[in-house]
Amino acid sequence: MLNFACDYLDAAHPKVLEALVRENFVKTGCYGEDDVFSDAARAKIREAAAAPEAEVWFLAGGTQTNMVVISTMLENWQGVFAAKTGHVAVHEAGAIEASGHKVLELPSVNGKIVPADLEAAFRSWEGDGNRWHMVQPGLVYVTQSTECGTLYSLAELEAISEITHRHGARLFLDGARLFYGLAAAGNDVSLADIARLTDAFYIGGTKCGLLFGEAVVFPKAGTVPHFFTQMKQKGALLAKGKVLGIQFDTLMADGLGLTIAAHADREADRIRAALRGKGYTTLYDNPTNQIFVQFTNEEAERLGREVVMSFWERTDADHVVLRIATSWATDPKDTDELIALL
Amino acid sequence: MLNFACDYLDAAHPKVLEALVRENFVKTGCYGEDDVFSDAARAKIREAAAAPEAEVWFLAGGTQTNMVVISTMLENWQGVFAAKTGHVAVHEAGAIEASGHKVLELPSVNGKIVPADLEAAFRSWEGDGNRWHMVQPGLVYVTQSTECGTLYSLAELEAISEITHRHGARLFLDGARLFYGLAAAGNDVSLADIARLTDAFYIGGTKCGLLFGEAVVFPKAGTVPHFFTQMKQKGALLAKGKVLGIQFDTLMADGLGLTIAAHADREADRIRAALRGKGYTTLYDNPTNQIFVQFTNEEAERLGREVVMSFWERTDADHVVLRIATSWATDPKDTDELIALL
Amino acid sequence: MLNFACDYLDAAHPKVLEALVRENFVKTGCYGEDDVFSDAARAKIREAAAAPEAEVWFLAGGTQTNMVVISTMLENWQGVFAAKTGHVAVHEAGAIEASGHKVLELPSVNGKIVPADLEAAFRSWEGDGNRWHMVQPGLVYVTQSTECGTLYSLAELEAISEITHRHGARLFLDGARLFYGLAAAGNDVSLADIARLTDAFYIGGTKCGLLFGEAVVFPKAGTVPHFFTQMKQKGALLAKGKVLGIQFDTLMADGLGLTIAAHADREADRIRAALRGKGYTTLYDNPTNQIFVQFTNEEAERLGREVVMSFWERTDADHVVLRIATSWATDPKDTDELIALL
Amino acid sequence: MLNFACDYLDAAHPKVLEALVRENFVKTGCYGEDDVFSDAARAKIREAAAAPEAEVWFLAGGTQTNMVVISTMLENWQGVFAAKTGHVAVHEAGAIEASGHKVLELPSVNGKIVPADLEAAFRSWEGDGNRWHMVQPGLVYVTQSTECGTLYSLAELEAISEITHRHGARLFLDGARLFYGLAAAGNDVSLADIARLTDAFYIGGTKCGLLFGEAVVFPKAGTVPHFFTQMKQKGALLAKGKVLGIQFDTLMADGLGLTIAAHADREADRIRAALRGKGYTTLYDNPTNQIFVQFTNEEAERLGREVVMSFWERTDADHVVLRIATSWATDPKDTDELIALL
């Protein structure tokens, strides 16, 4: 059975496992106070992001990271703007609200916030005579690549950054699939751009080569006071900091993350080309490792006998949209087989 | 200067103040354990609502009541459906989210949830393969009369109640302006209907004759366990229970609430007729004590020199919508003057 | 039946009710934006506290006030020191924890924090190698008069203030019974001292002459950002701000609060003298309006047939401690009757 | 440099890493819906605990596990009893309070709750006339082995379980170091006893052989409704469920956990004997892998040049208590060297 259900099917890139085995008995400080591997990983991230002053923290997963970063960046009376398709708005079981903050939903166009909508939303709040009876927008949340597999262009991200900061708010970029975005055909946004334009972002490891792990980057140190204690309080401080340090040190070495993400994107490109050739309808014209295809019920059933894909949404009684995801671990032979089945 | 800014300008109906003065030194139990006035008020509410088993609690204000009721009716993993114009969605500074729960916004048509939208929203959640990564809708919030001054018809409320319960959720009605709805021309929803169709509702006193106070009614006793302690924890338990008991006992006696609300609605009807006669545009075709009128900037400025109204929204660069509210305390002579100014 | 159960049995001082009646139809801004009565009350409080820059807010009750002030003064990673008998530690149903913060309990000696214990507690945290895995003490909570009816001396309060600030924390004084403390025999702490030594305090109206209401004072304006919106979010913003403004304006005029509290304290002094004369054991040697007396079960039963007192604690199988409370409203004839019964 | 600072210095037992490498590309369901490895691990846990109906979940770390389990087992108005030395009371940065619940501290005798103190605490709450203004004790938290390295005897645990349930509360056992307790000399509490006596417990992997991971066991399925969604909401649901499944499947196979914990306990026994022989003072007479030794400042400084130990507490100006911890990974040669240095 082929499996293209998601990009977190496989445990970890072999080099990551090798490093864990190799460094297994090297004793370092605990609770993130690992000044060997974690500090080495931090140095590589700062360099890759051209952000020498950046503060870097390692957490276990995406929802945890979003919740910890957003709830510690917001004041009590503030909320966060997000596209209504944003992960924090839909698929985190209300984690942001459980931490006390409102997700202020904006329209989603191909999974993205449109700068003009953001500008209008800030102005609406600012111009409302009752605004201090309302939640103040204190943060803007964007995803790169988005939940729809699309990408913000550099121009879009610059516009969003400018708008956000002009209105006194801050910008947070969810990079659960950041490497797949960086490696995509046509992408014009670099890690250094992201570090320059945002107040916080994270580099996703879980979906790109690690057993688990996300690296939070605050380009400007001190953005969130006592982040260490706040991580601890949210249950997000791993006892064995080196387990995350070793993994990220490996992922950031010699461009490993980019290389393996590029592989996934290229495999996805092949599938997209095949789908196009055979006349299938795909949602969003996107260049990353996720593909959203509309099938008739019959097609979905037939393919479902040989390929695991994941449910995205039902179009109507006769059609359904399924997601095909490639990953760093996708075997090109599996891709060939999938294409043959289409 | 005339003042039609809101329906909570004046302190309390004279009969309420008289009762407070009269019963000032009658000593009763504290912290809501007032078995004299509060129990008398409870009995009157049960009778008016034809709900002999109902549990009744008295709280201080609307946002507090919404927050306490919603957060104690929801399980950790649940959220509440509300029209996107609903008070809890917009004007409570994120109180529901601060209590840990998501407000799941539905389209608002004239301030109301449309039954078909509610049905679709429940089905969307139920049919989503990722629904247990999402917030479960556990409660539906409606307002009567709504933030736009409109009313649910009995048929609409019955449909919403049926849909809500069929999908395993519960229904809560915010009655901050309930009396103004009950007394409105054309209203076909009685207090007994509300008690029959909802799992919780409240009768607003703050906006209709009391110094402050809202009476929460759970038609079925035991709906929320340990509501007393939960009120205390949220800071919503008044030390002098009798202060609320005396006020509600007065408001529920001899139909006082209905009578004074009817006065407000009639004054609003006069203003509406005058506006219509003079060709003004009003938003929503509503029969209660709030009127939303679109003015040109010039009109707004001219009137604003003699009448206090409140900002609702800006239509465009040249037009603004202002709210005119009557109340139980509106002096007919003030209404006459206002009409003359239009 | 005599009733000495608590100091919130009666509704409000007649002058307060008279003012409410008199100003009933004066229209002012809403939601605390009442620039007539509230501003007048604020001015009187600033003058009485010799704190011309102070920011003053009016809330409904004590638990609400403690919860709103403490949770808005603390950062996410901080908690509050309190005597283990403190109201916030025991009798608020976990309101502080429900707002996300730990109450760090200190020993209670006669209801008070001992400065040396506070110093030691700060040093213990500062000297702990694991302190950033722990809750940081960010605030110190004291009560005047305390839950045991005792008073901090000026020297004690100065010591606590000095220790608190030297360790980088802030001081909050719960003044639910502040007037009873200010008026007590032997008290050497003035309102101006409190304003000088604390970062926040409140003047309790509920227990001293008002229908309800507490006045929060931040001697230094801006201590808590966006307190208005945070009050709203916690359900603590009363729609009719003038209802609180009128009451406090009356209570602060011509020393009314102090005068009526002095009456209560004098009545309590008479009861204390009688108890002493008859050989009863009282807990705490305190000078305010609460008296804690140990009775044999037989005595408690006998008196309980004619006087309502409140349960404090059980000493052993044969003895119980009950509380006798006088108030601004205590009728001297009731005191006489009580003394005759002892 | 020798390192006996803690029991989470080394990454993972080689068999665990081997399994991760071996199963790296086996594709299973995501988000804990891994029916291969996780289900196999669950089966082994149920068998080891003689709890065939038990519900088992895998989380990432100890503080996270305590916070998720406690906050989902408690009702809004409830708190949790814990020894004042308990991890949740001291070293979790207020995670329980941040989730809204009070930790009700009990005296700690050698790191343990004394059954008589627990009985008294329940009775105190039940007998308090103001108990519904207070936090209800809904859960009892114990640790095995405790933060002081001590063990509850079976008789003690049975007493605590009986008291807890008789008073209508539930019992949760934190097993971060459970294997070290199970393997200790003189231990008479089995995994099956724990499953029989508690309502929830967890088996700690982080401190005993895994990269990270704790297995929560609810002996009675359905104890916490929608635990899956609640984990997600708290950021505790790992995307790659199999990473935890593989690890626990390995740890539970062929008694691996017990075997490696026994090694640690034996090494600690050797150190304890040596300390005793040389006249050092140890705190707590305990049989597990943690040893708390009082040193003079000079001794601490001398040893500190060659051995990393961790700070526990300062006894006085001249003495300090340090912790020596062995683990599954302690090299006997390191133990020999340490003993030689003493």
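Order as written gives the chain letters A, B, C and D; numbering starts at 1 within each chain.
Rule of thumb we're sticking to: a contact is a pair of C-beta atoms (placed from the backbone, for glycine too) under 8 Å apart; a residue touches a chain by one contact, two chains touch by 3 or more.
Just so it is clear, the structure is predicted and the values come from calculations on it, not from any experiment.
J.: Taking touch as defined above, what minimum step count separates chain B and chain C?
T.: 1
J.: If every chain is reduced to the average of its C-alpha atoms, which one ends up farthest from chain D?
T.: Between chain D and every other chain, the largest centroid distance is to B.
J.: Looking only at C-beta pairs that count as contacts, which pair of chains has more of them, A-D or A-C?
T.: So, comparing the two chain pairs, more contacts are at A-D.
J.: From the mean C-alpha coordinate of chain C to that of chain D, what's the distance rounded to whole Å?
T.: Computed from C-alpha means, the inter-chain centre distance equals 41 Å.
J.: I'd like to verify one number: the distance from the centre of chain A to the centre of chain C, where each centre is the average of its C-alpha atoms, in whole angstrom.
T.: One centre to the other, that is 50 Å.
J.: Measure off the straight-line distance from the CA centroid of chain A to the CA centroid of chain D, and report it in whole Å.
T.: Each chain's C-alpha centroid was found; their separation is 33 Å.
J.: Spell out, as numbers or ranges, the residues of chain A touching 2 or more other chains.
T.: 76-77, 92-94, 98, 100, 132-133, 229-230, 232-233
J.: For the complex, give me every residue of chain A touching chain B.
T.: 76-77, 79, 90-94, 96-98, 100-103, 105, 127-130, 132-135, 310-311, 313-314
J.: Okay, in this complex, where on chain D does chain A touch?
T.: Where chain D meets chain A, its residues are 3, 5-6, 8-12, 14, 17, 20-21, 23-25, 27-28, 30, 60-65, 67-68, 92-95, 98, 206-207, 211-212, 229-230, 232-240, 242-243, 246, 308, 329.
J.: For a test of understanding, state which residues of chain B touch chain D in their complex under the given definition.
T.: For chain B paired with chain D, touching residues are 31, 71-72, 75-77, 100, 132-133, 136, 225-226, 228-230, 232-233.
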